[in-house]
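Okay, here's the structure, questions in a sec.
Chain nomenclature is as follows: A, B, C, D and E, assigned in order of appearance, with residue numbering initiated at 1 for each chain independently.
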Amino acid sequence: MTAQPILTARGLVKRYGRVVALNHADFDLYPGEVLAVIGDNGAGKTTLIKAISGAIRPDEGEIRLDGQKVDFRSPLEARDAGIETVHQTLALSPALSIADNMFLGRELRKPGFRGRWLRALDRDRMEEVARQKLNELGLLTIQNIRQAVETLSGGQRQGVAVVRAATFGSKVIIMDEPTAALGVKESRKVLDLIQDVKSRGLPIVLISHNMPHVFEVADRVHVHRLGQRLCVIDPKQHTMSDAVAYMTGAMEPPSEAAVA
Amino acid sequence: MSDAGAAPRKQEFEEVLDRSDQSVAAFEGHEKNFVDRLQHFLHGNPTMVPVIVLAISIIAFGFIAGDRFFSAFNLSLIMQQVSIIGILAAAQSLVILTAGIDLSVGANMVLASVIMGNLGVQMGLPTPVAIGIGFICGALAGMLNGFLVTKVRLPPFIVTLGTWNIFFALNLWLSGAQSIRSQDIDAQAPLLKFFGESINIGGAQFTFGSMLMVLIFAVLWYVLNRTAWGRHVYAVGDDKDAAELAGIRTSRTLVQVYALAGLVCGIAAWAAIGRVGSVSPQSFQEANLQSITAVVIGGISLFGGRGSIIGPLVGALIVGVFNSGLRLAGVDVLWQVFAIGWLTIIAVAMDQWIRKVSA
Amino acid sequence: QEVGACLITKTDINPFFVKMKEGATAKAGELGVELSTYAGKIDGDHETQVQAIESCIASGAKGILLTASDTKAIVPAVKKARDAGILVIALDTPLEPIDSADATFATDNFKAGELIGQWAAKTLGDEAQNAKIALLDLAPSQPSVDVLRNQGFLQGFGIDLKDENMIGDEDDARIVGNDVTSGNEEGGRKAMENLLQKDPDINVVYTINEPAAAGAYEALKSFGKEADVLIVSVDGGCPGVQNVKEGIIGATSQQYPLLMASMGIEAIKKYAESGELPETSPGLDFFNTGVTLVTDKPVEGVESIDSEEGLDRCWG
Amino acid sequence: MSDAGAAPRKQEFEEVLDRSDQSVAAFEGHEKNFVDRLQHFLHGNPTMVPVIVLAISIIAFGFIAGDRFFSAFNLSLIMQQVSIIGILAAAQSLVILTAGIDLSVGANMVLASVIMGNLGVQMGLPTPVAIGIGFICGALAGMLNGFLVTKVRLPPFIVTLGTWNIFFALNLWLSGAQSIRSQDIDAQAPLLKFFGESINIGGAQFTFGSMLMVLIFAVLWYVLNRTAWGRHVYAVGDDKDAAELAGIRTSRTLVQVYALAGLVCGIAAWAAIGRVGSVSPQSFQEANLQSITAVVIGGISLFGGRGSIIGPLVGALIVGVFNSGLRLAGVDVLWQVFAIGWLTIIAVAMDQWIRKVSA
Amino acid sequence: MTAQPILTARGLVKRYGRVVALNHADFDLYPGEVLAVIGDNGAGKTTLIKAISGAIRPDEGEIRLDGQKVDFRSPLEARDAGIETVHQTLALSPALSIADNMFLGRELRKPGFRGRWLRALDRDRMEEVARQKLNELGLLTIQNIRQAVETLSGGQRQGVAVVRAATFGSKVIIMDEPTAALGVKESRKVLDLIQDVKSRGLPIVLISHNMPHVFEVADRVHVHRLGQRLCVIDPKQHTMSDAVAYMTGAMEPPSEAAVA
């Protein structure tokens, strides 16, 4: 691995009372790659990416983006630094429209006096951009861009969240189990989208329990176990069985994998 | 970096997906009768519900209580009468939209008006300064609520139950429970009574106070619906965690909401001096709950994130129309209280019935 | 066309005002006056009274009978009514200034307090120098009736009032303390208990009204002190006078809400017919509907009636 | 039926699972200091929080207000003084445990006591019958709340805000705002004052009313913790939908909870007649909010499903101790109101701080 | 198909406002079988099993259990009839203990006076039974049977819900996406448990988006599409590709499959 990692974490620790969710975890993401994170339930995957995306602040450890030390105090700061996240819970506001949700926290204002002084939203432009992006990524056929997110099906909602991340992410896109609740068809669309985003050169972190999916799209697989990075493996040199064996403690990882 | 360009290895059963049906399921409306259609119409236009209730009650009381009720003067009088509760309901709505509740709005307002009176009349400060300080105190009191809600993470109900007592005690302490007489205000700081002035149009008497109420609602409507901040308020009320993860500074937004609500209470304090004609520390003790009543009758959900800010204006008017109509119809106070009790329940039940329909 | 009149009372939950309403309703029926009644929800609910006055103006009433919650703050609203040609009569509680209303049919609440104060002082005689007094008031917000009755009592008892607009600023050592009762039995009992805890030797208890006195008596009874204590009160309602008769309350100042109300209705009727304004009592700036001390232990120098007579004249 | 016995075809990568680690992750405690350890202890025993607050405030006021405060008599007097609010807090707790709120408890109680008085004293019914009818009215009033909450699906806050007004109006109508005198009760229906009787033990005076309060809490503790119905109440408050799916008749449970709360209000009505000595339609107007204050100080979550029923008993006592202590220390009523405001906020903030720790 | 179905539904209709979630859906479950229900997101699978398990009442149609017409007005009635369901949302009360959750709504009472008249719960017995069942099914290692469910990990919670259904189900067990949130290891345990329950003779309905899982455990596969049963296929005669093609509308199902 010669390229500079775009995002690194070293020695992250996060405790919830007596539970140690992260126990000196490390993390590396390289430019342009799809990195899958796998691990048992409760291994600390979600906590890891929450720390990276500013949703929680780790108790210890440091995070570097582009080699610069960063300390995100809120998801907003991570977002402003170019890290977009599709959370396990989606983070959409059910009563707001699709367009409003897409632009939540980065609304466009009208040009001139009305935007500058009256802070008026430019609804038309936001809706146009939202519609265009949704179509462009071909992820879903939305009938009405003004419809409230709560009227969408689970798959459609997931689509909105993914498209939002893909549209605005400028450095890193993180997805926490984006396909867990999705059907075969909908999952496929998300996987296609991941390929799409990757082809635009953006690196992606994908958390998933679905081994075939992971081995299909991932360039490297980060195996998380008991709050730590156990090893990183190359899916072309290891089988799914190997990955599962490492992840569940059935087998010790090869020592070279730790530096893959 | 390793060979990222390798062709994806789809699972075999996924290959067929390219041929799958890409259409979106669309469903036809199938309303059977008038009630169903009405229900659907109102579902699409929830703000219409209180408006219709208002229209019906005005007409009904026109029949029951006669011309005296239906006169331009009386209708404008109702506007005057609800103006303070209406402005407080605007403040209350902001908080309720964030899924909170503010039991302290009335106490906050009275405290601010006592401060304005003390400074402007008794200590002889220039009136605009006194009013300004009153505004600031209102906003600070609101910020205290917001701070306790966000930083100490207490339920808004508890926080404002506590500050209700606190503001009330401060009010009595500052005022010595003494009103400041109308004549003294006229002599010292007539500007304090600005919102009591009125203009007459064809028998109707519009006080500046009732215009202020309408203006405040109009401004809040713009802010909530046409600015990013307004969208954030709805998002925070809808699902706070989601809003936080989506990149909204929810704590900051919440503190701002409570502070703005406090500021609106401060403005209400000025209007209240005009309305009452004096600074009365004993007034408006029921205003906390009355403002909540107006908000819920206006169709804003106590669970946050749902409802239009215009609703509470209409809600306040509905309560005013009921009070006025029942009074003019000669109904005993007792039964007025009784009627308002049922009105609250029935109005919200109707609202619930309408929201039940899916779009 | 019928003459319209309004009666606006402080609350609907105090029997005093409920009786006032009954008196007015009866008289209105008799004279063919169309009466609307209004009341605040709690004591001090000033805003509702303002609304009531406005509704009366809108309804085209000829006269308003008003017991003001906030005697200063109500003045602008009253002025509006008078400007609209309505006769405004303050009942029970004078406005500030008193000439803000066309007429005032009042009981002098200060006088009512003074009478029981004098009675208590005279009853104790020399012991009055060493009295231990508990003052059971109405509410922390000190509505005007609260202040007048309390300060009247202290004046009558011979205690320096300091600021006569303020309860609780006196520093006379004989005062054990003030507490609030909300004017009901439960509050009276709790306040009495609290003050007895402060000083069990209390021997004079002033109460804002007779329900509070009844509550105070219960507390004294549970402390086994009911025999050694003088309870004085104000109102003169039938249960209160009955309590005087049974020796539970030593003396009470009887007021006449029914009389005030029926006189008020008569005045409005007269005004509507002839434009004639009511007169004031000689030497006073209001018409005194009177206050009488009711006690079965009369003392020298304080005029009083006994409980039998009090029961004949009581109002509810 | 087709060949169901075919051998399972596991995916290849799952074969390795047989060898996987079967141990459960176990984490050690790692409290750093005394405060951490205390926080953890209290987290495990949340009911101890109000108990400790109570103990500390008793000791503190013992210093401030002196022996008069700390006497057996005064402490038993506090028990007496809080007994009615305490019983209402028990009713309120039931409702709050289901994530509801009952603003009408006080109004319901006063209504029931007026009914008991009217029937027993003025209409001369046998006292037990009058009391029984009062209980039934209390329970029915509660059921009305429960019905509106479950069948019409209205938020409890709105329902009880409405019925508060309704019960209040009915109370005034039935009583004509007239109290029934203590002496008349003695003559006609002395049993109504049963709970005013007391026994003396070493200077302390325990009324039957205060014992009743303790008894009611004990019975409710048993019901909530030792019977299936009690578990259902917690489950409904915790997550109503989950409870419904798990096979609990949540609507029925909720209506029962509101009805039981109403019945407890009815019992409180009887006790209130004993405590006050007369039937007083004017008393206890603040009781609705006071009972909520006691419940939240006692550590029951407004979000339902969490907290012990013993908490509100302690919460009511804390408020009583504060009132009595401040009184004896010569603090003005005004500042008592102020102190209770802060007490509410601080007590809940402490509770929050303790619950923050994960077990 | 010669045996009598244990559970049938005919012509179920359920509308949510304008959305028709079930559009004359049929359903058959035979004794001792594992029936998988598959379909796109929003096809109406959850609505179907909610109707069967009493969580909602269909607008039209009839349900028969053992040939008897039934009309469940609440989940309780379905449960009393022997139908146990593991819902997508699990239906556990977070603040209650594991044992309390297991016995929620069917608590055991103490024998004799205390149970009969004082209605006292028999905590000890419930805890014993709960521990025994959890161990017996080998699904999870619970440290403390009294610990609140909210302190369990997602996988453990799923385990409790599944064990509850397996313990008390006497006629039918229904599971709605029991493995969606689970890791590889935890999913495997649930699948093993399904085999286990089946070997005890109880029929199981399994909703899942995971085709390999479905084809591993199912005896028959019910394909749901646009609120209707499209067809029922035998996993030994059809491939996963077929199933996915029918389910997504890529292929018309063979006419004989409609009666499989």
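Assume contacts are C-beta pairs under 8 Å (C-beta built on N, C-alpha and C of every residue); 3 or more make two chains touch, one makes a residue touch a chain.
Just so it is clear, the model here is predicted, and its values are computed rather than measured.
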{"item": "For chain B and chain E, chains touching each", "value": "A, D"}
{"item": "Fewest hops from chain A to chain C - one hop per pair of touching chains", "value": "2"}
{"item": "Chain pair with more C-beta contacts, A-B versus A-D", "value": "A-B"}
{"item": "Maximum centroid distance from chain D, chain identifier (CA atoms)", "value": "A"}
{"item": "Centroid comparison with chain E (C-alpha atoms), farthest chain", "value": "C"}
{"item": "Separation of chain C from chain D, taking each centre as the mean of its C-alpha atoms, in whole Å", "value": "37"}
{"item": "Rounded Å distance between chain C and chain E, as computed from the means of their C-alpha atoms", "value": "72"}
{"item": "Whole-Å separation of chain centres (CA-atom averages), chain A against chain E", "value": "32"}
{"item": "Chain D and chain E: spacing of chain centres that average the CA atoms, whole Å", "value": "39"}
{"item": "Multi-partner residues of chain D (each touching 2 or more other chains)", "value": "11, 13-14, 17, 20, 172, 334, 337, 358-359"}
{"item": "Contacts with two or more other chains, residues of chain E listed in rising order", "value": "42, 184-185, 211-212, 244, 248"}
{"item": "Numbers and ranges of chain C residues touching at least 2 other chains", "value": "12, 42, 140"}
{"item": "Pairs of chains, among all present, that meet the touch criterion", "value": "A-B, A-D, A-E, B-C, B-D, B-E, C-D, D-E"}
{"item": "Residues of chain E touching chain A in the complex", "value": "39-43, 153-155, 177, 180-187, 209-212, 244, 247-248"}
{"item": "Of chain D, residues touching chain E in the complex", "value": "1-4, 6, 8-11, 13-14, 17, 20, 22-24, 26, 222, 226-229, 231-232, 234-235, 238-239, 241-249, 305-306, 358-359"}
{"item": "For the chain E and chain D complex, residues of the former touching the latter", "value": "1-3, 30-34, 55, 74-76, 79, 85, 87, 89-96, 100-101, 104-107, 109, 118-121, 141, 143, 147-148, 151, 184-185, 188, 191, 195, 198, 212, 215-217, 219-220, 234, 236"}
{"item": "Contact footprint of chain A on chain D as seen in their complex", "value": "11-21, 25, 27-30, 357-359"}
{"item": "Contacting residues of chain C [partner chain D, same complex]", "value": "12-15, 17-18, 42, 140, 168, 177-180, 182-187, 189-190, 193-194, 197-198, 211, 214-215, 217-218, 221-222, 239, 242-243, 246, 248, 316"}
